[in-house]
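Structure below; questions to follow.
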Amino acid sequence: MAGFNKVVDTYEQAMAGLSDGMTVIAGGFGLCGIPEGLIEQIKQMKTKELTFVSNNCGVDDFGLGVLLQDKQIKKMISSYVGENAEFERQYLSGELEVELTPQGTLAEKMRAGGAGIPAFYTATGFGTPVAEGKEVKSFDGRNYILEESITGDFAIVRAWKADKIGNLVFRDTAMNFNPMAATAGKITVVEVEEIVEVGELQPTEIHTPGIYVNRIIKGQFEKRIERLTLAKN
Amino acid sequence: MAGFNKVVDTYEQAMAGLSDGMTVIAGGFGLCGIPEGLIEQIKQMKTKELTFVSNNCGVDDFGLGVLLQDKQIKKMISSYVGENAEFERQYLSGELEVELTPQGTLAEKMRAGGAGIPAFYTATGFGTPVAEGKEVKSFDGRNYILEESITGDFAIVRAWKADKIGNLVFRDTAMNFNPMAATAGKITVVEVEEIVEVGELQPTEIHTPGIYVNRIIKGQFEKRIERLTLAKN
Amino acid sequence: MALSRDQIAMRVAQELQDGYYVNLGIGIPTLVSNYVPTDMEVMLQSENGLLGMGPYPTEENVDADMINAGKETVTAVTGASIFSSAESFAMIRGGHVDLTVLGAFEVDQNGNIASYMIPGKLVKGMGGAMDLVAGAQNIVVTMTHADKRGNSKLLESCTLPLTGVDCINKVVTDLAVMSIKDGSFHLLERAPGVSVEEIIEKTAGKLVVPDHVPEMKV
Amino acid sequence: MALSRDQIAMRVAQELQDGYYVNLGIGIPTLVSNYVPTDMEVMLQSENGLLGMGPYPTEENVDADMINAGKETVTAVTGASIFSSAESFAMIRGGHVDLTVLGAFEVDQNGNIASYMIPGKLVKGMGGAMDLVAGAQNIVVTMTHADKRGNSKLLESCTLPLTGVDCINKVVTDLAVMSIKDGSFHLLERAPGVSVEEIIEKTAGKLVVPDHVPEMKV
């Protein structure tokens, strides 16, 4: 009897079922709070034609950027991309499709996807290229555009602590997009720094309730820093 | 210099500015997690023609129910009402207007109001009396109705702990509608069980960041139980 | 013989699966928690913001801040999480709850349900019921097959204002278990000692009856 | 003389008020945090999910999990809160941030702003800029008055793809402080030693100039 034990032992088990053409929602902001081992596993699997929904696309040799080398990514839905040369090359040559989405709209699209809300109105992007082809409606004299939600076949998430039934806590600003990503995957896989006993996480301090989580794997993280900035003196 | 110190000493200060005809969003579920002292202050102020947005309307002598006696409430926007006789009398006689809203839609309307989302689509209520007069749109072959967000002139909230700059933590299921209410008031007033030092609440364990909170008052709570149920034996 | 309330709950409990997240409505659905098979783990979701609802508290453990969606004092199990109403209904609306059990006044052959309002009587509100029926993929309705006057509650078309449309898959009554699909009720099981004829007689909607209708095991 | 980047930041800092929640964009806006008046408290919001951003860390306090929206390592002040991106933009979109300071390529007399995309160049994305300009009630744009070739960035109508429409109230450049209303720029202050004539010359959009234009105090 498995009950609610969601811990898996191998990365193969963690990403089992991922196949060509699927959509994957990934947590993380830049290189902060990304599920490093799950990304590496997708690289090993050589799955192709993937659509990634993620705020950024990593750098050349770290984060989602590593999936560009074998052309595993067909399309990125992101707010800010292009921190690496191979991305730029594939984008400019038309090999890689990019759907630029304002950061807050992207976060809300994921949240809405997980929350059964198919679309919402926002003022963000009205009158800009983002609004092209989208419905406009006025509320209290202001114009808003209709944005549709996003769900994924998989969501890949990095958390700090998880209990084996999938309750999650995130660490500092490594939280970022991870809680929304966790709600929006048909299969949500979480790579964590530490697996704790059930009951160790206080009920009101849990960021993501276990109901959203399907698989948990304990990872080892490099936690590369994108822009090291230090206090003067 | 006040800085971010939001603590007030009296209930008069806490509710200063409330006037006839305003809309007040109230946290609480039944009698659980309600801002008891703020409700009593509104009763003392005899403010009239108020619209209350709250999941329930209390009971005859406790919670929002006490505001019915002096006919301070013009309209209730709620998911479940009528636990008291005076409510029923005023409702059936047409003195009190009631807008029944599904509980999840109500919670989401408050959240959307605080989050700058004027409207969202939900399947909840499609094909029911709730859908009357609302826009219908199909996404992926399913029908959804357009629900508009709610904001209030005031929000009245009960929290467990607050620091003086308004960071809030809620206790157990007394959380309920309080976090959304806190985001949706032009002026958000929080009645708390305990005021703690700034820095005592861990940054990632704060349920409501202080940016949403305008005034804080330390309250005394009766915490009446609506349905006492005990384990057998 | 028609099932008791507890027997209906026992039968519904057979719909549970290990690892299910379940929302139980007020009334008979609440009783289902007493009949979870011992070799199985389920987690109860209460829509006021609790995942992992436990039993009622002992007198010394009563806490006014720990209630369920029926406003009853409850406890939380080890591993429970507590969250806001918006988060709770995100969970429900987003289809993350595996099974929802709730009562109804009427259900019809198209899967419509009426459960919150009887015109002419005081309307107290739908609470979370409309969100639950719109959000769940897997809903079981529990109710008596007919009302006290003998009128069927399983209709061709609901007469009362609807709580939701085309959303009910399964009904467990005091007389029978039925699925709903393709515009018909489908008789799956009958209560011990209850005849197929009685079920046919008390079902106003279109009812598909197979050659063999097994008795429920309760 | 035209202001330095730090002098522009010093002037913007005069827009702060005690108790303000402020979002500072990348570049000159970030420098504003160095000039908060000492008798004033402000809290910095970083859109990746931090309210109460502190200074850069010392070497021993660097933490890869603690960064700002510019992906720089930072610290949190006492009383900070940390939350998800959805919550962060709920805060921004809902208008809860008191002041937003950001850079731009162009601003026009109708309060439109272009700041994220130069056609023909690689488009890297708008990040949070579109949400910030749509959500804030009170936005100050910082930029140089003209580009390196001397072309005005204060236009009748933006030529680049827009980040937001009718949303900018105030612009602080190396030459002047201007408000935007009723379809015009309004000259409020000039940089020390800069003539009104130079500002007029370098402003392509409609500019309303009062009789007396005081010098900025920086």
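Should a chain be cited, it is by its letter among A, B, C and D, assigned in written order, with residues numbered from 1 in that chain.
The rule is simple: a residue touches a chain if its C-beta (ideal position, glycine included) is under 8 Å from a C-beta of that chain, and two chains touch if they have at least 3 such contacts.
Predicted model only: the values in this text are computed from it and were never measured.
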Relative to subunit D, largest Cα-centroid distance belongs to chain C
Could you tell me the distance, in whole angstrom, between the mean C-alpha positions of subunit A and subunit C?
-> 35
For the pair subunit A and subunit B, the C-alpha centroid-to-centroid distance in angstrom is 33
Distance between chain centroids, defined by C-alpha means - subunit B, subunit C (Å) | 29
What are the residues of subunit D that contact at least two other chains?
-> 50, 76, 82-83, 89-90, 92-93, 134-135
Multi-chain contacts in subunit A, i.e. residues touching at least two other chains, fall at 108, 111, 115-117, 122-123, 171-172, 175, 203-204, 207
If you go through all the chains, which pairs of them touch?
-> A-B, A-C, A-D, B-C, B-D
Residues of subunit A touching subunit D in their complex?
-> 29-33, 55, 78-82, 88, 91-92, 98, 100, 102-108, 110-111, 122-130, 171-180, 207, 223-232
Note which residues of subunit A are touching subunit C in the complex, please.
-> 1-4, 111, 113-117, 163, 165, 167, 183, 198-199, 201, 203-204, 206, 209-212
Would you mind writing out the residues of subunit D in touch with subunit A in their complex?
-> 46-50, 55-59, 62-68, 70-74, 76, 82-86, 88-90, 92-93, 112, 117, 122-131, 134-135, 161-166
Residues of subunit B that touch subunit A when the two form their complex | 108, 112, 115-123, 137, 139-140, 142, 144, 148, 169-172, 175, 203-205, 207
Okay, in this complex, where on subunit C does subunit A touch?
-> 18-19, 21, 39-41, 43, 45, 50-52, 76, 78-83, 87, 89-97, 134-135
